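Following are the structures in question.
What follows is a pair of complexes built around chain A, which joins chain B in one and chain C in the other.
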Partner chain A sequence: MLWDEFKKPKDIERILSIIRNYDKEIRIMEICGTHTVSIAKSGIKGILPENIKLISGPGCPVCVTPTERIDDILLLSKNKDVLIATYGDMVRVPGSIYGENLEKRKAQGFDVRIVYSPLDAVKIANNCKNKEVVFAGIGFETTAPSSAVAVEKAMNEGVKNFSVFSLHKKVEPVLRELINMNDFNINGFLCPGNVAVIIGEEGFRFLEREFKIPSVICGFEAGDIIYSIYRIIQMIENKVYKLENEYIRAVKPKGNEIAKNIMNKYFELCDDIWRGIGCIKNSGLKLKDEYSQYDSVKKFNLDLTLYKNNDFCSCGEVIKGKIEPRECKLFSSVCTIENPLGSCMVSSEGACAAAYKYFDLR
Partner chain B sequence: MDDIITLSYGSGGKKTSELIEDIIVPHLKNDELLKLNDGAVLKGFSKMVFSTDSFVVNPYFFSGGDIGKLSVCGTVNDICMCGGEPRYLSLSFIIEEGFKTKDFLKIIESIEKTAKECNVKVVTGDTKVVEKGKGDGIFINTSGIGILKYDFLGKDRMKDGDLVIVTGNIGEHGVAVMLEREQLITGVNLISDCMPLNILAKEILDFKEKIKIMRDPTRGGLATTLNEFVEGTDLGIELYEDRIPVSNEVNMACEILGIDPLYSANEGKIVAVVSSDIAEQLIEKLRKVKGGEKSAIIGKVTSNFKGRVTLKTEIGGTRILTKLTGMQLPRIC
Partner chain C sequence: MCLAVPFKVIQIDGNDAVGESLGIRRDIRIDFVKDINLGDYVIVHAGFAIEKIEKEAALKNLRLIKEVTDALG
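Showing the complex of A and B:
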């Protein structure tokens, strides 16, 4: 099957007519930001009947990073000896002071580089020996292995002026946290196919085993998503609550062993703070002590304990799927893509950015 | 000539003359330019189109073009889109010290070729050289004058039922430059669509008043340009995703880069709103012209969703296409 065909599979009309005729109220959470964007771009919400609600979850890495960590990076970036390398999504994320972000730092003459891979950051470190290169590593199990690869490369090549500021997080702990909340009311999960490529079907098996929530590991084309929604409905109807893998073209039962191994070699679990949610036990990934010379937190003696949940917007509630972006009082009035206040608006995968940019016409 | 351009080439003295007389003039000469005055004396026209554009593209040589070709096309195309027939160009350089003379020559040759292709003369110009680190290779500004031939274009003439056409695959320039710069994806053969639009524009404007408005969707891409068409009007535009021509290469590269072809720049495409009764005929004609082979009707003007551009997605959903927001591809032209 060609890549294009996943956008609009041949029997999509048949599946759509079944979905359209479904009349029970259900709430399905798409965990991943990439799904949020794909849903918005293809206008899926407009095709579904009103009774099937899609709720965005905590799967946009930028959105769940607390403002304090952005402040830490902004502070580091002011150090003339430091070069910040990070993914493009990070440069416009505002810190706690309005208007402060890495893009502005760059314009002020501080050294901020956008990279597509942490390996590029190692390359930069190799070429700029007079700078301390800090790679702000963000993302779930999808990007954490490549940060680990970068540390390994820096070690092998004897690059000493490179470190990773790990903002990496794991998906499972936050899902458990959500499910265990008193007002949890999600009937099914669309699980992120990209994360599953790494952690495998087994990484999401707990949803079936422990919680009996219909869940589908899902690809990122419109056809993938619609088919997965259909599968969730079928599971609810047949009262068979399990985990299915729609994204078999990429996801294996055990995932990518090499990526998992290297991630586990360099990173270990730590308690971590999620924006709007708070501290979740063993939900973050930090570099192991033996690699502390590559850990920006240790290298620059950063204090990560502070956390005051003083967000003035409702990003936290959006991330937890409690409210829709539109229900935040700042949405599209004060907080826009041009002038984002909250992380859900600034990240291209944020639920607010998707709602703002592609709002559906239902 | 030295093999690199040093500060003294911008001094206004002998070396500046060398640069002009040895490299620029031999390639671009015409009666007006050869006078080498501070300005060119031109014959008057009753109604003129005047346009200007600066070019800072990085890298300055890219697959499908270079900053020289772009600097001619950019201004020529702007004049064409206003219903003008381009005649004269000014050409100004800001060069960073250390720039290779052979690269400069290549750029001049490309300007020469492109100017000939669209039948415009470079009649005046300027050259400045700045210290190393104060520029980035080369920046070009061109201004152009054309005779106004078609003075009826305007969004006030669009009406419900008109059709939207585009002259070929969209998004190619933005993606090609981006790929060239980042060297991200290998094995994808992407070429910028950079080309003069004078011939395609003439084919379209031959339909006279049946053509309502046209534009070349450069930065901001197709979606942004169409938004400009309907902004402040009582009309909306509805596009059909499955009819918009996009090459597989662009689609694939966009997936990887996380950008949307609808917002990626074009440098050789026209998007126009035309009367529905001539649309098919126009498309037939355009498809026979070089660079117009993939012309297509991609949407229609409606009285629904006024002031908005909407997209009917392949799976039957509808979404709003706003102007370009957030996402940026700096220095693509």
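Showing the complex of A and C:
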């Protein structure tokens, strides 16, 4: 199969030997949970020299969802008329109270369902007319368009007991936030291929234009990642700081216009909080006023705080790339995949889960 | 949430379709991709095909990587 060739393109060994002989200290950040998993699974960190560090950034949607919002959803889930529908990983994310999560709510008899697509939630609403179905939609630009389609479908089919609790976020604002931090020390970015499928090369052009940080939009196979690391090294060496697109089989210069249009039709920017980071201006996506009857926040009069409480775990530091999972005091002693304390261990795409599962040696 | 492997489209009914990858079948929506035909490959995210992958583009992608290894000699 053609796609399999990206796992180990012919002669990738030669690229690897160049990378292995590279001796400068560099730190490359991946901003996508799928990259984190792929890097861990394929053991890439183990074959890179000590001086090339791969750091996970704020690219896992479950991980960046703040405790405050989980608390909001947990509160809503106690309403007997409400049915919460969300993606699998979300049900295990703890709120600010130890041991509280949607899975527990379900065990307590409240209605919580795992869905694979937001349209499944609309279907549930159609079948359970006596319930208010709240779809807790997480994800970056990759999943926001699907939530928009769900709202459109509910509108077209006259489904009134469906609403979206939008936890959707944009990638650009959080990257700007990271870059502008005083202690920012990343030399290159592996840009999230799936987000780029939607927002296009142009969505990451600011990295080259404003910040001159070598960045590569990267696919998800080991070959894609190794090649992209090589490109970043080359850019650093040649002092050309550009944005390159390695994932040309999927990412177009302008992205997916249909998906972008429907996202922009239903959603608008809002200030939003990120786990461990706090409030970032215009970093979230909320439904526009004309669709407020499908907006759970308005429907249930939720008062969303933009203040960040103190997190009890170090997930925020992991998300910002300030510490590695192992450096968290709780890692593998108290916080494990079987008994996760923080979102980065809960999410299958989280940096802590990847480090734990694939026994990250470095 | 995200599956980076391409799914092959094996059934189409309006915006609903069925995709198959490694023997696994999934219902997918094809709202975001135009001109999809049976046998095409798509990337699927949260139940939606977010892009079609053309064979040509994939071959070009492999050439991009190969050019580098060739240059390395």
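In this section, the second predicted complex is superposed on the first by the 357 of 362 C-alpha atoms of A that agree within 3 Å, B and C clash if a C-alpha of one lies under 4 Å from a C-alpha of the other, contacts with A are read in each partner's own complex, and residues count from 1 in each chain.
Operating definition for what follows: a contact is a pair of C-beta atoms (placed from the backbone, for glycine too) under 8 Å apart; a residue touches a chain by one contact, two chains touch by 3 or more.
Computed from a predicted structure; not experimentally measured.
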Which superposed partner A:I12 touches (first chain B, second chain C, both, neither): both
A:S42 touches, of chain B and chain C: first, second, both or neither? first
Partner chain(s) touched by A:G139 [first = chain B, second = chain C, both, neither]: second
Partner chain in contact with A:A222 - chain B first, chain C second, else both or neither: first
Residue contacts on chain A - larger count, chain B or chain C: C
Chain B versus chain C as contact partner of A:E338, first or second or both or neither: first
Overlap of the chain B and chain C footprints on chain A, listed as residue numbers: 3, 12, 116, 223
Touching residues on chain A, where the partner in the complex is chain C: 2-3, 5-6, 9-12, 14-15, 18, 33-34, 38, 61, 87-89, 116-120, 139, 142-143, 145-146, 149, 193-194, 197-198, 219-221, 223, 227, 230, 246-252, 256, 258-259, 262, 349
Contact set on chain B toward chain A in their complex: 182, 184, 248, 251-252, 258, 260, 305, 310-311, 313-320, 322, 325-327
Chain A partner contacts - residues on chain C that touch it in the complex: 1-2, 4-6, 26-27, 29, 31-34, 41, 43, 45-48, 50-51, 53-55, 57-62, 64-66, 68-70, 72
Residues on chain A engaged by chain B in the complex (per definition of touch): 3-4, 7-8, 12, 16, 40-47, 92, 116, 222-223, 226, 337-338, 348, 353, 356-361
